[in-house]
């Protein structure tokens, strides 16, 4: 199996009260995840509020995480930008700072022009210039752009494009991409509400914000599918779905950060214009975590070993 | 397991050259399906061009099929109309003609008004008046309306609403509906391109146009999932997906009827404004059937036992 | 100017308490409109709940209205059905019952198949068979289908297709259809919230539910645009927009019927699954009508002469 | 009338063959526009490929244009970023470099979270911090986000928010925003295909890529509407619509730059992943310009005085 196959969590980016980067809090989160069975970490993804960081902050995030991580644990870094040249520059900076691979979201501002052909050229130019492996990253809910399966099939032939993260929940599209790419092309699921289904479709793992809270459960769900224990896997997915929704589409980064705070990680406020979750939302998330036995308590501080 | 759980095919409606109903051809198709392992048949569904038939034709279709079918084999009849009163009237006619249950698509013309609350009242009124069990039927691709999971959960409490056909491919929605309804509420998948995934999500079977061509394969796929043989099930789904697409979203009823003709069933032309598949499309479908070993030949007339 | 150019209102269909057609109430409404400056009336449109009526009821509505109307006043009848043959049959019945022209909405159930080419064939077949002039009718909000401007341009060449009602608010599309059809091809606006703009784009009038309440204002707005008094026209449009929204997209037929009741016409309940407007909605509509001086009072029963 | 009312063109950003900024070409374009009747210029808009420029390039573009422009001619600068802090920083840089006002597009990456309330806070924070007036900028086709009319109405009360550019073609929305804001709140149209209609709705001018090619015609169309000459205005709009489409939604920046080259301005290639218009598209655009008499010729070099 490819060395990048597995379960990852995207790292949230903690900010200090003055709105600046809190690298100490970031390090503490990373240390906890390193004690979990997660395959590796994703830095500067959407959940890391990458579009809200400037280039200098982005570099500090990458170097902070790298400093914590042993070499055997893959660190994937998000480097997608609107222009090909800026994407290449960000990819080079990430590689210099120790990225094991880069995750390149589709450019998306000029949506109507983002045809398959144009996106293929973009990815080939980036992959040619990159000194580390490239993973495609399709996240239609944020970009309004979809990388067609035809293009994925052609890009998978590039020696430096090793896989893809598909954040959507369109299982037919995921299955199509898998059917049309070689067995060693890695497909990582990005939607925790359809994680079971993406695994049944043949995904090699996932990049899940849910794994920031429930790393063990996310790893276990994959093992259940591999063992053909579909009923048990479905039961576990069903338990995880409400909190997956809260920290995904429904409340986004604010939901994730509130859940991290409740579960004993460093979450904090997202950067404006994003706003912290309201107290009503925090209460809902608290109950969802309680249902799963995942609240941090003074007596029993949360480890990364979740109990479900 | 509920008596309506299982694999069904919707029946296409054959027309004679003058555009009138061809009940002889319909009977011959039914006879073939009765020799297959299919659980039962769906009459007057979308693939049966129900919106194109008048009430008198609809009744002839139902009575023709009933006449062919033994009592143990369920016949489900589509009776959804735009008004509650017309739906109730169609439901009563279907029950009189021998329907074992009715499949009631959401009304949809006044889309913006079709709220969950209003749809729930509609279904309750229909289920109260019906003398046979009612299955909800959500088919957003045709109606532009989605029955919310909240409403499905509440409607499942009605003693005469026994299940649902969900024709969409939104697996998260299907999983949600299953999670929120009792174990004996039947959920039938309607999208053949995501059939595997709907089964993994917990569906009790399906109503699949694909089963008009590959009844054995559709039954086998369900058995593979039940046995936890996900890799094999995924391989079978992958083989079936191209033809599933052709006779589903891509070419619709025209694609299904062309495939039926090629596979030795009675297909023919759809009713205008629908048009027969072009010769280019027919060639594509022929190759897809060839790849699956499913073409009718003079030497070896198609039986309903497909070879995959 | 073409004899069908002008301002029309679609007629709501009043029902008795037992849910049956109330032809007496319908006649009384028609009598009032005949005293207004409206060009003519549209029977069996969306606002007439045509999809909720059976064929026998539809014929009674047409004959009831015809009986009230003098020959010089055009009566347009909606006859669109899902199949070409049913549309032709309904068109013939309408013509026999005295329709001056028919308004044929696009078929729409099999949305993905409703290409321009297929819709053109449908309309040509209907127009060939019709003994009265045909108007195209595009109403995407209800059908999910859009008749392309290319198709409108080609259909306008048919001698028996004399115009179009476009119910959408996409002004660029309306302008495009007008630019590409001959000057004597009638374009009628169907969206009251963009009525001013549709007139500025070159529409020859409109079919407006708003004209059921404010026939004089609708006629005056058209005269203002014709006179180049854009500022005054904009002011009038602005006054009318809130109530136009209430009886259009926001509350639909239920909103229109509530407003009719308040303004002294026969409205009543829509047919289920549609539900009457809630008391909250009725209060909003009452205030909107009050703002425009259009409430019926015992002392001063509403005439059709509105005061704005 | 407010000093920012009027007709603007967004400036395209010319690049040299090596992909770097070509400030000389930019200056030459500006000089030509200064001889036209345009009110002012917009720098770093979508058509200026602002998302493709880095901060240093952005500052050079602003300072280059400022150096060419006399004080009386407004220069509006696009400064929208994803985070509030980055937007404020860009706004301050633009003000220092001589912007007369800034045009702030909605943040958009986290679409589902971009509620009216959150966007209002963002704009208030930016307007509080800005030393020059702020114009809201809604461009749904690129952002997938719509600033609600309710929010526009409330933001218009802020003393430093003086107007809005609405790039969409939803005339009902534009009319609604105008109806709910004070008379001195400037509304600028951004869609050239619905320019006439936006003016009829009450817009105070526009920011139109079309005005890069036809400044005189864009100014004249506004005068025609002001004079109530709707038929003539409609005729002019109709002539301009095909080229407006080519350089707008259909071919985007690549179409605009091809047209600029043909009309005697400096266009050139857009920055990758955007690609230059294909020769087929260039031929279409050439014919559209020929039809309008707007091609540059050796004998008669293009002035900014277009002939329609």
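Should a chain be cited, it is by its letter among A, B, C and D, assigned in written order, with residues numbered from 1 in that chain.
In this section, contacts are C-beta pairs under 8 Å (C-beta built on N, C-alpha and C of every residue); 3 or more make two chains touch, one makes a residue touch a chain.
Treat the numbers as computed from the prediction; the structure is a model and nothing was measured.
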- Item | Identity of the chain that, by mean CA position, is farthest from subunit A | C
- Return the distance between the CA-based centres of subunit B and subunit D, expressed in whole Å. 51
- Rounded Å distance, subunit A centre to subunit B centre (Cα mean): 38
- Message: Give the residues of subunit D touching no fewer than two other chains, as numbers and ranges.
- Response: none
- Query: Looking only at which chains touch which, which shape fits best: line, ring, star, complete or other?
  - Reply: ring
- Item | Chains touching one another, given as label pairs in label order | A-B, A-D, B-C, C-D
- Task: Enumerate the contact residues on subunit B facing subunit C in the complex.
- Result: 19, 46, 51-52, 54, 82-86, 107, 109-114, 118-119, 121-122, 125, 141-142, 144, 249-254, 271-275
- Item | subunit D residues touching subunit C - in the complex, by the definition given at the top | 169-172, 175-176, 179, 191, 193-194, 196-197, 200-202, 225, 227-230, 234, 237-238, 241
